[in-house]
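Have a look at this one.
Order as written gives the chain letters A, B, C and D; numbering starts at 1 within each chain.
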Amino acid sequence: MIEKKNNIHTVLLTGASGGLGSELADKISRHCKKMILLGKNKNSLLKIKKKLKKKHSSITCKVADIDLSKKIGVQKAVKFVKKEKRVDVLINCAGNFSVKSIINSSYKDLINDFHINFFAPFMLSKECSKKMLKFKRGIILNIGSSSSYIAAPNTSIYSSSKHALLGMNKAFQAELGNKGIRSIFAAPGSIQTKMGKKVKNQKYSTFIEPENLADFLISLILQNENMIINEVSINRANYK
Amino acid sequence: MIEKKNNIHTVLLTGASGGLGSELADKISRHCKKMILLGKNKNSLLKIKKKLKKKHSSITCKVADIDLSKKIGVQKAVKFVKKEKRVDVLINCAGNFSVKSIINSSYKDLINDFHINFFAPFMLSKECSKKMLKFKRGIILNIGSSSSYIAAPNTSIYSSSKHALLGMNKAFQAELGNKGIRSIFAAPGSIQTKMGKKVKNQKYSTFIEPENLADFLISLILQNENMIINEVSINRANYK
Amino acid sequence: MIEKKNNIHTVLLTGASGGLGSELADKISRHCKKMILLGKNKNSLLKIKKKLKKKHSSITCKVADIDLSKKIGVQKAVKFVKKEKRVDVLINCAGNFSVKSIINSSYKDLINDFHINFFAPFMLSKECSKKMLKFKRGIILNIGSSSSYIAAPNTSIYSSSKHALLGMNKAFQAELGNKGIRSIFAAPGSIQTKMGKKVKNQKYSTFIEPENLADFLISLILQNENMIINEVSINRANYK
Amino acid sequence: MIEKKNNIHTVLLTGASGGLGSELADKISRHCKKMILLGKNKNSLLKIKKKLKKKHSSITCKVADIDLSKKIGVQKAVKFVKKEKRVDVLINCAGNFSVKSIINSSYKDLINDFHINFFAPFMLSKECSKKMLKFKRGIILNIGSSSSYIAAPNTSIYSSSKHALLGMNKAFQAELGNKGIRSIFAAPGSIQTKMGKKVKNQKYSTFIEPENLADFLISLILQNENMIINEVSINRANYK
């Protein structure tokens, strides 16, 4: 069993069954007493829970399979949060990456991806903020993308939603930053995950390894309260 | 009657009954044969139509009152466009500016404002692009905001949606720019309109006058085809 | 002879004998009473002067060949300005574009290009600001580049200096914007000039035509005093 | 004596006698075999050297007091580097923060601050890159500022030079990133150092503590080679 540091009480993580999310769950488990893991895949979530309990017998771990790309999923997730006494760290990691031409992008594509990439993060951040405000303390880590700053062909919905997420991060910082809520925006480039496999014209083997990225992202959360990592862009070292 | 230059065939303008939109309608009328004006207020639209017909007897002017903050409104607008043979210039001017704290922002606020500020521009741009691609030529002018780059307290939804619009503009440029569709992103600061009256802590009389702004925005559309004004930020000269 | 509008008293233009500068000189001449043209090439400057006098017999036109890539040139230019009673519009157009690898860039390359691309604009803007402050009115137009935002290989000095110029524009706006001095930052992509011929991997014939660009840039200066065009990026429409 | 990890061979650090630099020297010493410390204050440098030798008896530590705000200082620093066989990590930390109105900024102010804030980092980065290219491996950490993105009144020179540094970081990444040289740009806000004491209208006690910041900055260097932290902005948590 790994040594445990309980600096954080409760962590809420979305996209916990995904390639990056599962690594984040693993890495953050050392640092908190309770974890709430939302994800699409129930089996994966249960496996992760089992693994974490084995690592840290004292940890409380709640899991819920929720499809955040639907209105009803977002509502369910919000209800889930409402029941919690506290959420000290929220990690908005869930996201969908559609590779589609503008002409072939439907209203449904748009609305679904905006639910998971933006409306869910917004509503969960709002709900968790209410709890954080009581403690005058909390961290929201938003997983953005290089697409939060630029746009490539066939990723119009993704780019737009990740731009929106960046705007949201700035807005939370501007409005709640002086009340103890620190919003961190991390924008990684392509990652060696299922999502990364959809990326065209780039060599998969050069992509960021999720484990390394997760280590770094968790370190952002653990920085001294005296400072805040506002925005960080991370890329693969593309020379290999 | 004012001298008329018919450089552009058909223009589609949203938010045409608003403070900036009505000025844009007026200024662009000199340069096109046909105008399609979408707006919230039917009476205002009819008045504008009458005024434009008086100015330019030869112009064709279609108006439709559609609430773009609803899914059904966006769908109606898309249908409206589908019926047109061509749209040479699309101006995404409609928008809503909510001043609301994060904690008081509901899912409904979010979804409504994203419909008018982002989903409508996206779906209309997509639909018009299909027509423009046939002519290998077209202009989409997106009216962004200084909130496309920064965020102030109590404007989280607006900032996020205007960031999304900026992402969309970049995506259209990246994907359709080499096919003759020029996407222009104009980001004005506070304007002397109803919307501008909601802005806190700034002196209204120093805001940009909509007529001056409209003149400039139309000039962006009329630039030589050899070049494209990608992004422009416009502010009030705040020294008065 | 072309109709003349004397809205502006004195204009100072650097890089006036260059590809873009000579077009700017031509276009602005309609709008001012007096022009001060700085450039590298004396013969070109005299030819431009002759042409402008022919077009507008009433215009006063002073020319000076000064090498702004040297400390002594910057000092000479500043002295030149000191003698003027007023400068209402300053256009910082002079610039050098070095295509050189980092490893082959010498201290001399660096210092020379920074003199023409940044120190000259800074010192001239400062000097002209003193005069503008007396009238509580003035415009500084800085010609930036797409390299003010991104960097391509073999253009490290150019990119850095154009980033510096952007920083300078923001600083002038922040400090002197509320005293009537409007700073405009225009960032064009590749232009069909001698400088543009150095650009690698892009088709010259698709580059922005200097005449079209000059027209647009002058229009930025002529906007209503009520507003200011803070930053604008212009690109070639690359679909041809 | 503290446990030592020799992952890095030689580190070159500028500004080593300053508030942030001395912390960086201390924190990086655990990770390298040899340190080259450049700074303004000889006594401080010698004290730091003594302290580091006490902590890690095996470390090689060279110090040199060089004034990088002068051409001759930059040349001396470059010569110093030329003598080294290798530099694996370069940290460009030296910098000067002038608080001065535009009108009162002289050519000398400009040229001096650009030497320390930009020309020294450029020339040292170039020189170290030559060595790094032999090993196909190296890290350049540039200490930027929030002034690399925005500008406040009375900081025109600082903002411009820090914008230039950002442009340089992008240029190195674009040109040498695929050859194993990773350029990291870290942009902290106000820090509790002598330099920070010059900042107006902000509460000093809320500024970032240099020790915390140094820990974070060193962690950026120690990330897995698979990825690179391109740009990161760090701010004080301003709610205290």
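Structural remarks
Keep in mind that, in the parts below, a residue touches a chain if its C-beta (ideal position, glycine included) is under 8 Å from a C-beta of that chain, and two chains touch if they have at least 3 such contacts.
Note that the structure is a prediction, hence the values are computed from the model and not measured.
The set of chains in contact with chain C as well as chain D is empty. The pair from A-B, A-D or B-C that reproduces the interface of C-D, where over half of the contact pairs by residue number are the same, turns out to be A-B. Computed centre separation for the pair chain B/chain C is 32 angstrom, with centres defined by C-alpha atoms. Our note on geometry: chain B versus chain D, Cα centroid distance of 46 Å, whole angstroms. If you sketch which chains touch which, the chains form one closed loop in which each chain touches exactly two neighbours. Across the complex, chain D is touched by residues 136, 177-180, 182, 208-209, 212-213, 215-216, 219, 223-239 of chain A. Residues of chain C touching chain D in their complex: 71, 74-75, 101-103, 105, 107, 110-111, 114, 118-119, 122-123, 125-126, 129-130, 133, 147-148, 150-156, 159-168, 170-176.
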